[in-house]
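So that you can tell them apart, the chains are marked A, B, C, D and E in the order they are listed, and the count of residues begins at 1 in each.
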Amino acid sequence: MSNTPLLEVRGLNAWYGESHVLHGVDLDIQEGETVTLLGRNGAGKTTTLRAIMGILRRREGVLRLRGQDLLGLPLHRVAQTGLGYVPEERGIFASLSVAENLMLPPKVAENGMSVEEIYQLFPNLHERRTSQGTKLSGGEQQMLAIARILRTGATVLLLDEPTEGLAPVIVQRIGDVLVALKKRGMTILLVEQNFRFARKVADRFYLMEDGRMVNSFPGHQLDANMDQLHEVLGV
Amino acid sequence: MASTQPILSATGLTMEFRGFVAVKNVTLSVDEGTIHALIGPNGAGKTTVFNLLTKFLTPTRGQIVYRGADITAMKPAEVARLGLVRSFQISAVFPHLTVLDNVRIALQRPSNLATQFWRPLSALSGLDDRAMELIEAVGLRAYAHLPAVELSYGRKRALEIATTLALDPAMLLLDEPMAGMGHEDIGRISDLIRRIAQNRTVLMVEHNLNVVSDLCDRVTVLARGEILADGSYDAVSADPRVREAYMGTEHE
Amino acid sequence: MTVETQYLSAQPKLRATTTVLGAIAIAALLVAPFVVYPIFLMSVLCFALFACAFNLLIGYVGLLSFGHATFFGGAAYFTAHAVKVWGWEPLSGILLGAAGAAALGFVVGFLAIRRQGIYFAMITLALGQMFAFICLQVPFTHGEDGIQGVPRGHLLGFIDLNEPLAMYYVTLAIFLFGFFAIWRIVNSPFGNILKAIRENERRAVSLGYRVDRYKLGAFVMSAALAGLAGGTKAIVFQFATLTDVQWQMSGEVILMTLLGGIGTLVGPAIGAGLVLALQNYLAASDFPVTVLIGIIFVVCVLLFRRGIAGEVMEFFKTRFNRST
Amino acid sequence: QQASDNVVKIGILNDQSGVYADFGGKSSVEAARMAVQDFGGKVLGVPVEIVNADHQNKPDVASSVARQWYDTEKVDAIMELTTSSVALAVQGLSKEKKKITMTTGAATTDLTGKQCSPYGFHWAYDTHALAVGTGGALVENGGNKWFFLTADYAFGYSLENETSKFVKSKGGQVLGSVRHPLSANDFSSFLLQAQSSGANVIGMANAGLDTANAIKQAAEFGVTQGGTRLAALLFTLAEVKGLGLKAAQGLTLTEGWYWDQSDENRAFAKKFMEKTGRMPNMIHTGTYSAVTQYLKAVQKAGTDATEPVAKLLHEMPVEDVFAKNGKVLPNGRMVYDMYLFQVKKPEESKSEWDMYKQLSKVPGDTAYLKAAESGCQLTQ
Amino acid sequence: MSTIFGIPAPAFYGQLLIGLINGSFYALLSLGLAVIFGLLRVINFAHGAQYMLGAFAAYLLLGYAGIGYWPSLILAPLIVGVTAVVIERTMLSRLYNLDPLYGLLLTFGLALILEGVFRYWFGAAGQPYSPPSQLTGAVNLGFMFMPIYRGWVVVASLIICLSTWLLIEKTRLGAYLRAATENATLVQAFGVNVPRLLTLTYGLGAALAAVAGVLAAPIYQVSPLMGSNLIIIVFAVVVVGGMGSILGAIVTGYMLGVLEGLTKVFYPEASSIVIFVIMAIVLLIRPAGLFGREE
């Protein structure tokens, strides 16, 4: 790669208690790039995101954003560097209404989406805005989890399977959103099982297996790498 | 293979939550021995319909008949005992029990080994073979003695299906069984569902249309709490209203 | 070695160790009254059984009852009344106490079981307070004075319980009976379902389990065993008083269980022994007892959350894991 | 002439951490030690030992401690026994075990009545004495319309009953009573009921913190300004001190001993003060007296065996700093004179502990029940 | 004279008023408890002890530093708040990811220690503390003699309850705190300094208890046992109001104070358990409490 990457991960190891899950993950993302992480169930994709965010504390290696070391930061300072996280399990709060859930994460920069824009994008959320967060349908909760981060002005998004459980129309809409965000200069790290969706937005792919990166290739070489994908993912 | 006898039929189901109508006058019948899909946009009310059918919610209005018996006023555990068993959209396992124990818990119920508090645990070892068979079928053999929390998301879903199957239900309600699964697993679980559906009825919610078109004999489309379309996959997917409300423009 | 075979091969080794330890413990209990003051031992046995019964709920069903004194103290009243006023034989008096506690357990359980977590704790506390109030008001309990001077009598008509050793071995037998009953319940098909319910209640319902009945069943069993302990205590100490039905008693049994190890089989018994020993030996010293008990609570919660038995087991488990 | 086990052991069993901790508590243990010291530290040539324990006001704790003392520590007699339920339980157990108890801390007349014991002695006040003292005196002074605040347990009832009986026998009226739970905290509602009943005396048939709070709140609600008088049926110097003269002034109460009554008393009080930092009340001095009398009896009997000592305790007159002309009835009741006091106004008090004005003396024979009337089986 | 439920109307109003005054204490105490429970999921058994500490702080400030009632009203809560912050930092904060049971047990232990230590030093009988001179005396309301100090208690508690409620419900703070109780890690990952927030919340809750303690000092004896007598009742209030509901705690506090007051007239022996009876009934009909959200 030519210039220094925006997000730099070198030899990242991570543990859940005693069990060693990531074994030296390397990953680079350039500013404005959308990178998709592929891998089977249990390969360690979610763990990678959690380790980057610092939610998983037991980790070693090098982890830098714009040259700044992330490993030493307390958890609440990580978001302030511009990282936004959409967790796999969505993390909608039952004790907050939909609107409160949406407003919850503090803004970290000024250029986030406005609430109106968000409601336009996800009319369901507008309609159900006074309802209790967890009373939303599964898909609606997923929308809320994404929308909530869009508001904060985070410039680097970590999305863990954002299309899981969404209807095709919505998946399509989210795809459009990601493309639009890319245009705004957003950097995105995406974990995705939905191939069709990923290929539409990804500039580059990483392939994970058993807690290691086994391959990486640009988006247009996807077809050329199909054989390996078949083997690793069982597509 | 499919007989035309409805095993489960719901008429005029309506569910209101404090003024919000999540399900409106839904009439649905599932034929015995078929795989029936319930699809629709997010928030259409699919999970709510599941909750109504399995009695986790009580409908504001409407009636549910299962195998000729009115189950509208029953409790969820009773419905399950009649052989109408569900899985959950958000994974539901017994987290600190091993995979084997998870499945065994389900096997215990019909085997009258559930209430015996005077017998040793070894009384349950007779269930182990059957449990391992089911675990094998969903590809979790290597994890049989791991606590369920330590499984990755996709494997938890697989475990949930194995547990559900352990009850040998006459009818299964699967809420997004494929969500979060890798491609390989999707194939395997599809096969599994097809296999188990040979002498059972399945009603499933699924957003993966490949799976739906592949597996399902009949599709009901729900939108904004109401039934939008009903019929074979091809017929339904050709319906422009369904395309607009659910599938989007891109899909085939 | 695969995970599976390792798991299986660990079983017999574990079983052998427990059998040996159990045998040693029983032997120690048999000779104990020749070394230690028997009345003290008997009170330890009664509270140990009470704590084990309580642990059946918190440790294996995940229900924190803050009103277990109701069953312990209620049974003590029933037994004391039956023996003193009706002149019953002591064993049948104790059984009456346990049956009464089971009946109370049914009522309390029926009302409380439908709620979970902290609400469950609070309802049991509220019902416990009400029961304590009833005990204060009803004449047969003799209010603040309690039922005093309950005769120990002759067990089954021929064993003179006024003989301390006889009383001790009877108490020991009752304790062992209760303890093994709990062990059996926990490690039974029924206990297995209780565990599942604690882990994920909705899932258990969807599998067709009528969870309320299981919980109520466990609650009644726990109440009956607590009652067995309470009734025995009434015979040993020859009185039944309000202390045993008040919420502080419920707090004390929680302390014993916590200290010994929630969800471990012998832990609560060990905890009971320790708490009583402390109370006993500190009663004469200058140091305020409550402060010490408070400190134990804090230290346990912060440092030994698994309790004594739990920590010991954890120690062996890690050792075992490292060695393979 | 031999003491068993080469030691005479006396146990002081009382509340050392609860609501009655000031009432007797650790200071009583000190009083007992003073008694042993004043006696010379030895009796029959063997040392005298004092052991003590906190019963936390629980009869079961008390019984277990007592049982253990008798069974394993060779304790010969137990004294003080604060609160009725404890005293009854321990006296009952001691009767069975043939051991002597000398109660100074509990009030119930049952100790020498229905539940009397040949080895049980009631050494200081009791509910009857309090009723006669406070009830009788107030009625004579025009306090003839009573309303009771009664603690909702046996001790409260018996205090209320006996006082009512006495008030009525003197021609007074009882307009009503409320039974409040133990540790009720807020008494304003009850005080309001008392006020609206039209009573001119509010009798507080409770103890400890409850009485203190009721008095304090009565002052706050202007109960006494309206001319209503407060009568604390069981209240001692220790609690008055805790409450402060400002809130307690004007309160009428009965005690069996006050430090400022005579030179002998003042001398004793001074010594006690040096050891404990507080002035003794009737419980402390009563315990001192009980220990002293017990040792005298052991000395005289030439043994510490229960039967002969108990016999002597019944026969010997009591003459010490606590009681003048005291005598013990066959039911175990020690009879001596009681006094009615009024709490001074702050401006009348000359020193920190100068708190009582003596209103009258209640001779022992009026203060205490005759043995024949007590209902004790032993006297029939 | 007219009567209400068989008692004279003026006496009835008097009792209502007294109920309201006692309700003020319940409201203040249960407010602090609800704040701590609602936001930290900790059942703060030490709340009664912190209330007692507040009263003792005022008493000691007066005795040793000559600091009077009014400054104590600020200082005592501050002192107690700081001790609470220390407790939270060193002990409670390690328990957040565990079963709420452990928080309850820890604070239960702390309560025992605090009460034991104070009882050891000061005995159980209680110490006197006088109301400030501005607030002594009473006014005749016609149906009763109302001590001015008690009026002040009602006013003060209303003001404090209202402002706390506004602080928590109407600011972002409340949303952070509620969310943090469900998933602190995630909220922190959003960039909120959750640990500090929790520390301050616990400090605030304890300070509220201490305010109640200072307010109570002139009415009740300042005694090491004053809190333990009250705490169980306050728990019941919080449960009836709906655990975690701030408004519920306040309203229920006043309401139960009044109900308890009336019980003292009709069945005084039962006044100590009427709250538990109500609690049992409410929980059976509305499991989440009067103002609680069904989960």
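One rule holds for everything that comes next: contacts are C-beta pairs under 8 Å (C-beta built on N, C-alpha and C of every residue); 3 or more make two chains touch, one makes a residue touch a chain.
Quantities reported herein were computed from a predicted structural model and do not represent experimental measurements.
Using the touch definition from the top, list the chains contacting both chain B and chain E.
Common neighbours, chain B/chain E: A, C.
Would you mind checking the shortest number of contact hops between chain B and chain D?
2
List the centre-to-centre spacing of chain A and chain D in whole Å, with centres computed as mean CA coordinates.
The separation of the two C-alpha centroids amounts to 77 Å.
List the centre-to-centre spacing of chain C and chain E in whole Å, with centres computed as mean CA coordinates.
Here chain C and chain E have centroids separated by 33 Å.
Cα centroid separation between chain C and chain D, in whole Å?
Distance between chain centres, rounded to whole Å: 39 Å.
With chain centres taken as the means of their Cα atoms, state the distance from chain A to chain C in Å.
Each chain reduced to its C-alpha mean, chain A and chain C end up 50 Å apart.
For chain E, which residues are shared contacts with two or more other chains?
116, 119-120, 269, 272-273
Quick check: what residues of chain C touch more than one other chain, meaning two or more?
Residue numbers touching two or more other chains: 288-290.
Give the residues of chain A touching no fewer than two other chains, as numbers and ranges.
Residues of chain A never touch two or more of the other chains.
Just spell out which pairs of chains touch, all of them.
A-B, A-E, B-C, C-D, C-E, D-E
Touching chain D in the complex: which residues of chain C?
37, 39-40, 43, 136, 142-146, 148-149, 237-239, 241, 243-244, 280, 283-284, 288-290
Flag every residue of chain E that touches chain C in the complex, lowest number first.
Residues 43, 91, 94-95, 98, 100-102, 105-106, 108-117, 119-120, 232, 235-236, 239, 243, 269-270, 272-273, 276-277, 279-280, 283-284, 287 of chain E touch chain C in their complex.
Touching residues of chain E toward chain D in the complex: what are they?
Where chain E meets chain D, its residues are 8, 10-11, 14-15, 18-19, 21-22, 116, 119-120, 123-128, 130, 138, 144-145, 147, 149-150, 219-221, 223, 225-226, 229-230, 261, 264-265, 268-269, 271-273.
For chain D, which residues are in contact with chain E within the complex?
Touch residues, chain D against chain E: 17-23, 25, 152, 178-181, 183-186, 188-190, 192-193, 196, 208-209, 212-213, 216-217, 220-222, 226, 238-239, 242-244, 246-247.
How about chain E: which of its residues touch chain A in the complex?
172, 175-176, 178-179, 181-183, 185-194, 244, 293, 295
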